[in-house]
Each structure stands twice: as structure tokens, then as C-alpha cells.
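Following this message is one structure expressed as C-alpha cells.
As written, the chain order gives the labels A, B, C and D, with residue 1 at the start of each chain.
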Amino acid sequence: MHIGLIGLGKMGFNMRARLREAGIEVTGFDRNPEVTDVSSIDDLVAALPAPRIVWVMVPSGAITDSVVDELSAKLAAGDLLIDGGNSRFTEDQKHTAQLAEKSIKFLDCGVSGGVWGLQNGYGLMTGGSDEDIEAAMPIFDALRPEGDRADSFVHVGGVGAGHYAKMVHNGIEYGLMQSYAEGYELLAAKDIVKDLPGTFRAWQKGTVVRSWLLDLMVKALEEDPGLAAIDDYVEDSGEGRWTVEEAIASSVPVPAITAALYARFSSREDNSPAMRMVSALRNQFGGHATKPAK
Amino acid sequence: MHIGLIGLGKMGFNMRARLREAGIEVTGFDRNPEVTDVSSIDDLVAALPAPRIVWVMVPSGAITDSVVDELSAKLAAGDLLIDGGNSRFTEDQKHTAQLAEKSIKFLDCGVSGGVWGLQNGYGLMTGGSDEDIEAAMPIFDALRPEGDRADSFVHVGGVGAGHYAKMVHNGIEYGLMQSYAEGYELLAAKDIVKDLPGTFRAWQKGTVVRSWLLDLMVKALEEDPGLAAIDDYVEDSGEGRWTVEEAIASSVPVPAITAALYARFSSREDNSPAMRMVSALRNQFGGHATKPAK
Amino acid sequence: MHIGLIGLGKMGFNMRARLREAGIEVTGFDRNPEVTDVSSIDDLVAALPAPRIVWVMVPSGAITDSVVDELSAKLAAGDLLIDGGNSRFTEDQKHTAQLAEKSIKFLDCGVSGGVWGLQNGYGLMTGGSDEDIEAAMPIFDALRPEGDRADSFVHVGGVGAGHYAKMVHNGIEYGLMQSYAEGYELLAAKDIVKDLPGTFRAWQKGTVVRSWLLDLMVKALEEDPGLAAIDDYVEDSGEGRWTVEEAIASSVPVPAITAALYARFSSREDNSPAMRMVSALRNQFGGHATKPAK
Amino acid sequence: MHIGLIGLGKMGFNMRARLREAGIEVTGFDRNPEVTDVSSIDDLVAALPAPRIVWVMVPSGAITDSVVDELSAKLAAGDLLIDGGNSRFTEDQKHTAQLAEKSIKFLDCGVSGGVWGLQNGYGLMTGGSDEDIEAAMPIFDALRPEGDRADSFVHVGGVGAGHYAKMVHNGIEYGLMQSYAEGYELLAAKDIVKDLPGTFRAWQKGTVVRSWLLDLMVKALEEDPGLAAIDDYVEDSGEGRWTVEEAIASSVPVPAITAALYARFSSREDNSPAMRMVSALRNQFGGHATKPAK
């Protein structure tokens, strides 16, 4: 099998390597000349045998849109485009319709595993037709960990279902990370706790809270036991927001995931207008002193 | 009527003035020589006609305990001690039992109204026996606003019930302030909003959200339209914590009040350990850059 | 002044009455023949002097869209359409552009006050050009409570700003109601509280938490002291959802408002899938018994 | 080594088996005659070589107190009592002091692993003196999984530190379970998701959210794919409450863990007073219909 892979960043770069290790021929394209195999998408399309399979692994939104635009012009009827990036699932119907005008096929695949996927394999959640999923199965089998396929690969449903499942996966991830982090702070706040990194380490085997994220916390604490080098400013990449928006659309209460999202928002505020107002109000009714602005 | 009043801070000082305006004679004691009427609690006790009524208006916890200790030694059988401070309701049974050994009576009174109580009158929530409440009614009538007694005074139940109601009142207050403050930040974040102070001002009459706290927000925004002089650091005084603890004890979900409490905790953190851990984890699994510590 | 008013439901019906009391001539249209003044929008348009002012007070979304569609066909250049309903502010730009093609003017006005607006007057938040706002000022002055205009009317900003402010107002309203309701449940849960309705009643004057919503709680408790006739199922009408969605779009943490929204979602769930999963998990790891499905 | 083990319930029964498999002699006592080795604590004490080690594995609170009371009377100077149950860490100082009067030693050990600990081994968090921990190390080594001791055992700090760490562990567990459960409900709510159990199964290898709890969810969904046999009523056992109370005591915001606790409270409410009040209020101001009580 010989496929195209567009986008060779932190994820795509490793995926190319893993695919090649599994014997799949990959022609990769990236704007970064240091990592790309070909100098243009035209060259990538030209290099592939028909019917072509092109895996798109670029940032969601405008960049994915522009790559889909370009491929809808350059691929041929019967070719298959796989969006493996973190696109919002609502984008998938749009891309499917756009590509269907040229009889180009589409499937979406949520990919989890981060920078560790190269060695561990990736968890894969796919959406599309049975036929298209089947056609791409050698790719999925190469990317996922060894062992039972059902433990790391799922055909969730029609187009969009893969990205929907990935969005929920990432929403859960927000909640898990926040939960561990709250526990971390509770341990850090208590002077009777003399071995905080050791406590996390001891949770790795046997306990109910053992997980891969926990293993990574242990690793982070080994590298910097007090996390002293790190600021408490946390970005979010969109999937957490979409999860909350979908929860609202479905009338599903998701307080833990939302708490995790808001904690990130708060972490980025130097001078919260809301809390200045609370301080102002306490002063107004109770005469409580406000702290002067820095 | 002639009563004693111990504690002449922001609340007690104004209450003495309001009581005197209503024709009640007040002998006040405070450690601050500039405001006190007498130089000791002994003098205060000596000045009062028997059976004495002494209103205690000092910070809750150790200071209230020490005043109750002293009064339990110096008051006589049949005297009445009123705890008008923000004591946790669980303290009231303890004080009642302690005073009952000397046949001294006790009632608790939650007092709301802040620094505006002098002119507006105070809202009063009382706990104790019918007989003791009745004995103190002239005091309550002097402190509360004019008009129907039931609009500003309530005998909630037995000893402790007044402070319990005041605790819940303050818990609600946390939630109300947080809700308004969140709305304030949403308005402040939106560039199509050209008149933020005017928007709050226009909510004062006619809208569903009109309230006294809203009037105070308008006042705060008149004094400092961008709240530029105020830091976003917000203290809490204990009642919010107790409310959440009581909610837990009663298995009652109180997510809005708790959100308000946690927002204050967060406002006081310069460098949240929890959020540093989330940042560290994102780096571990996804290679996302952390922001270096300041 | 003579204006048209489309939509004579709970809000529009009362607004027509208040406008007429203030001496403004109103031709009202509603699909309900019992309340309408004219039998069609055509008749309404024909009845009005040019340049016409038509106030639209119908449910947001599809119905508002269809009324705007019809009016864009039937009004003339120079006429003014006012959307006084609870449209999402993002709709206003769309309607403005649509109407501008016919040189019809547009302004948005958030209206608060509920069924009490007839007697109390309404709080008004407007968005649009100075000129259009000025043209409609007699209407606003008739609708709002007497007294200083700035206490019940605001020109928030350009088109959409009025509805944005109304959305935030309603988001705050969610948080306020939830906060009071949590306090209500805390009082209801405590057996030392012997007079729950009386406690709310006594908060009306003097306390920090006094508000119009509190007055309405007192009224509700007078009518049904234990709220025994009411189920705990609470609808939401969209504004709370939009507030949270806007908060996410602006990266503003709004935990109290969101808690209020989620409490409503939960109130409508008979059999939460999430909590069944938590129960299943507790059984899996700890052997804790699950409760069998009803 | 020969130790006593008091409490042979879901945890203790399995622990006795695991200890014996590892070659440690165990005399177990339980009030249930079907599982006990001896008929009284007296017999248990008599059976052990001095200095005795007695592991207490009974429900926290009153029952643990009464066992400690009895052992303080029956053990001898130099004996060691290990509290392996889920006692609140604040109890440990009390028990230490009580036992110290008889020169009986004490250490606390939080034990995680649930019913799976028998086969997988238990994660252990201990508090006490180096000397006492060292004396009990063969027991810890028998109970924990094979492999590096530091991956499943930690000496957190002095007396109480083990239970504190276990409390935080369980608080985290609440947040993790809630996060997964919210994701489960989001998948269940979406009709494009055609294979919900398969999605969870596919998260087991490769994904960021993989964990032991996830494996248990997969198992639960295999046994009952729609969780149809389970009611959404979820108990809590105290550790989640204590975690939130400690967070308040330490001024640490823990919104995700608290959300998990409150979701359990809500799950047990048939007829929430708070939400009835919100419904009543909506009716009061907006004329919105309430749903009649069932």
C-alpha cells in the first residue's frame, strides 16, 4: 500500500514513521522543507497510485479547509481523503458534500496517543462507510498498537462519528487531568505529606486511579519534583470547548468537564474583571478593604 | 430599656447609633478607647439594670468564645446574652450550655445589612426561646427597618437557628455576587458593549435582576467605571465555607454557591499547583509547550 | 405616535396596554383572533403612518425570522423595525443586512420585567444607531418605569448590543435563581429551621440579599409554603445556553451561571446515563451494590 | 510472620487470602462466623506472638473507634496496630494518642484496589514512624503487586499521612469516574454514535484516556451494554466529602471533584426543593407553567 500524508508536525511526523515501519509506503507533504518528501501537493498526488488514499493531518479549521479545497480540485473520482486531524465533527458533513461533487470519498478518524503514539501505537475512532473504512484498514492496523483490533480501533458510525468520539475523548481527558491536578494541589497544600512525588508514583500499580495520564504525572514529577519551572498558564485547543457546546446542544450536564475548561480560562487571567467586581461589592456593602491594583 | 453592647467595629458602632436614635439606652464596650463608653466589661455589667441584656457583636470564633467566657463569669442568673455576630450556628449550643450553668439565657441573632444598616435598618434572623426573643423585641424593632416586622425580622427556631439562617443568607450572597460578577465580565469582554456602567444602571428599575446588590454595583461603577483601582484578590470570611460544609453534611448539592467560593480561592492563587500540573501533563503527552515560570 | 406591534402573547399583550395608557396609539397583530387588532400584517402595515415603526415581539428563531421576512417585503424605505423579543444577538446583524437591502431600519431591544412589566414598567436594553434609538424614544419612555430614564433604559451600543446585554441579564438571572434555590434547599433540609417562609419574608428589608426575585419567592411561598404542588422539572428557554456559549467564545469562566444551567438539565433527567455509569463503576471495582432500575 | 486481621468483609477477606498466599500467617476475626478464624478478639490477641501486629480493616468511624478501644485494652506495650480502613486522617492522631498511653504503636495505611486487589495486589499509602513502617514491610510487600516497591507503596509521612493520601486518591477517583460518565452520556445522547461500547473498548490501548477505570467501564458495558439494569442512584462513602472539606480547609479550589460529589447528591433526589423553587420563580416572574407534582 502507498498513501499520501499531508501534515508532518508533532503527530504526522511520527505517524509517517510508524506507517513505514509497518511496511506502508508513505509520501509525505509539509510546508516545512526539512520534513517533507515532496515539494507540493501536486507532486504528492502525482506520486500515488490510483485510487489514491490521502491522509490529512493538519490543524483543524481554516488550514484543514484549505487542504480539503485543494485536494477536491486535485484528486480524482474514487480517491479517498481521510481527515485524521482534530476537526470539529460538524465540519465532516461539509467536507463530505464538497468532495462528493467530484466523487471523492471521505472518512474521518480521530487519533489519540500524542507524541507517544510512535512507540505505543495510536487509538483510532473512525466515521464513514463500511467500504471506505475497510479500504483504509491496513493503515489503521499499522497505526494502532498490536493486539486485538477492537482494543484500539472502532468504527463509531457514519461520517463525523469518529471526530465526535474523539471530541468526547478529549473532553474526558480535560476532566481526568483536572481531577488529578486538584488532587496534586491537595497533597501539595498539606504539610504532613512528606513525599508527594512518591505518592503519585505509588499509585501506578494496584490503585483504582492508575492510568496512563498518572504515569505521565509521575514522569513530570521525576523531571521537576515541584513543577517549579512551569507557569500555571494553560492553553486549550478547542476540543474542550466543543464538548461543552455539544453538551449544551444535547442538554447533558457535564460539570466536571466544564470545570476543567473554566480552570484553564481562569489560569490565563491576570486580573479577572469578575473578581474585581466581587471585591468592589464586598467593599460597598460591608466596608471590607479591597486590595489595590498592582 | 438599657442594654450593653460589646464590640463597636463596623457593625456594632452603627448599631449603637441606631439603637440610641430609637430611644434605647446603650452602654458600649470596645477595646478601642476612641469608641468605647466604659473601660471594661466589669464596668459595662455594673452599669446595666438587672435582668441585664448584653448584645455581643465581636468576630466569631476565639474572640466570641472569650467574651462569652468572661460574661458567663460576670453576668447573673436571669440575664440574657445575645450573640449578634457571625458565629457558626454549631457554636450556639455550646454557649447555651455554658451559660445555662449560671442560669444565664442565650439567643442568637444573625444581622444583615452591612455598613448601610445604620440608615436602612438591619435584617434580623433569631434563634432561641419565645420568651427570650420577646424580651429582646424592643431591640430588634429598633434595629430593623420601619414597616412590617415580618419583612425584616424572623424567629427562625430554637437556639442556633438564627445563625443557621444567617449562614445560608451569606451563602446565597456569595452566589448572587458571583452571578452578577460573571455577567459583568461577559459585558466587559464584548466590544459591541459601549456603555457597561450604563447597562448595570439601567437594570435597577423594571428588570428581573434588580436588587440591592445591583444598586451597589452601580455605585461601585460610578466611583470607578473600569474597577481599575481594585485587584482581583477576594477574601472570604468563613460563612461561605460553612455553607458548603453544611450542604455536604445535608447531602444538598450547592454548585453555584460553591463556584462562588472556589472563584475566591482561585483569585488568591498566584501560581496554582493544579494548573501547573495540567500544563505539565499537556507537555508530557502532546508535546505542548509549557509557559516558563515567572 | 402610532406604531405597530406584532406578537400579543404574555409580553406583547401587556406592552400594548402599557403603551396605550401612555397615549401611544398601537395597532397590534397576533395570530390569536381574540387579542389581535387587525387580521393580517398587511392590514397592520396599511394602518400605520409613514415612516412606520413596527415592534416585533414574537418567539426568537424561526418565528422571528419569518416575521422579519414578511416585513422586509411589506415595509417601505425609511420604516423602522424593532426586535423586542429574545433573539440571539447574532441574529441581529443578519436581520439588519436583510432589511437594509430595502432601506428599512432596524434596532434591537432587550425587554425585562416579565408579566409584571404592565404595572411596574420594563427594563430596556437597546442596540442600534443614535438616530433610530432617538426616533423610538417615546416608545421606550412609555414602556419603562417612571423616574430617571437611565435607571431603566440604556443604549448599549450598535445593532445587537441590546440583545447581547439582555442575554447576559438572563444569564445572571439563572445564577441568581439558582443561588436562592440552593439556599432554600439548605433551609428546608435543616430541622432546626421552624419558619422557612418567614425567613425568606424577613430577608425582604434590610438584608444584603434583598431583591425583586426574593420578593417573588416570598410570594410563591405564601401561595404554597412547601412548594408541594410543583414538580422539580425546570425548562430553559435558550438565553442561559447562549450565555455559556458566549462565555466560551470569550474565554470567560462562568461557573455559577453554568451550574444553574446544568441544574436545569439534571432536573429533567429521570434516569441519568452518566450516573448509571458511575454506579456501574463502583460496582465493578468495589463490589458496591447498584440499585436496580425501576 | 504471624499477624492478626480484624474485619473480613469485601476487602479484609481478600487481603487475608493474599497474605496467606505470600506465606504470612494470618489469624482473622470477623463477627460473621462463616469467615472468622477465631471467636473473639481475645482469642485473636492470644493467638499472636509478641510483639503483636494487628491489622484493622473495618468500617471507619464508630466501628473503627470501638475496635481501637478494645485493642487498646487488650494489646500490650510494643504491639503495633495498623488501621488499613478508610478512616478520616484526623482520626489517626486521636487513635495514636489513645494507644500511646499503653505504649502501643500505631500506623495508618490507605489501601486501594477494591475487589481486584486479591489478584492484582493493592496500592498502599502509609503514615507513621520509619521504624513501625519497617516492621510491617513484609505485610506491605505481600499485599502490593509484584515489581518495584515504589510503584505501589509509599511512606507518605507521619501518622495520618497515609489516610490523607488515600482520601485524596479517592477524591481524584470521584473526578475520574464523573469525567468518564459525562463522556458516556455525551456518546449515548448522539444518534450518529452507532457503537458506544465499542468506542469505550477502543480507548483501552493507545489513547490518552486509557486507565484501569476505563477497562472496568468496558467490562460493565460488556455485561449490560445499555446499563439498563442499573438505576442512576449513586451512594457516596465519605471520602469524597472529606476531600471537599479538606479543600475548603486548605483554600484549594477543587471544582471537578466537587462536581462529582454533587452529581451523586443530585442522583439521590427524587424531588429537589431547589429546582421546585426555580420552577416556582419562573412562574412568578414570567408566567411560565410549572409542571405539577407527581
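Here, a contact is a pair of C-beta atoms (placed from the backbone, for glycine too) under 8 Å apart; a residue touches a chain by one contact, two chains touch by 3 or more.
Quick caveat, the model's predicted, so the values are computed rather than measured.
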Chain pair with the higher count of C-beta pairs in contact (A-C, A-B): A-B
Remotest chain, chain B as reference, centres from CA atoms: A
Whole-Å gap between the CA centroids of chain B and chain C: 32
Chain centre separation in whole Å, for chain B relative to chain A (CA means): 47
CA centroid of chain A to CA centroid of chain C, Å: 38
Contacts with two or more other chains, residues of chain D listed in rising order: 114, 178, 180, 182, 185, 189, 208, 213, 251-255, 258-260, 262-263, 266, 269, 274, 285
In the complex with chain B, residue positions of chain D that touch it: 208, 241, 244-245, 248, 251-255, 258-259, 261-263, 265-266, 268-269, 274, 285
Chain D - residues contacting chain A, complex: 89, 112-114, 117, 120-125, 127, 144-145, 147, 150-158, 160-161, 164-165, 168-176, 178-180, 182-183, 185-187, 189-190, 192-195, 198-199, 201-214, 243, 246-247, 250-260, 262-263
Contacting residues of chain C [partner chain D, same complex]: 10, 114-116, 177-178, 180-182, 184-185, 188-189, 213, 216-217, 219-220, 224, 227-235, 255, 260, 263-264, 266-267, 269, 271-288, 290-294
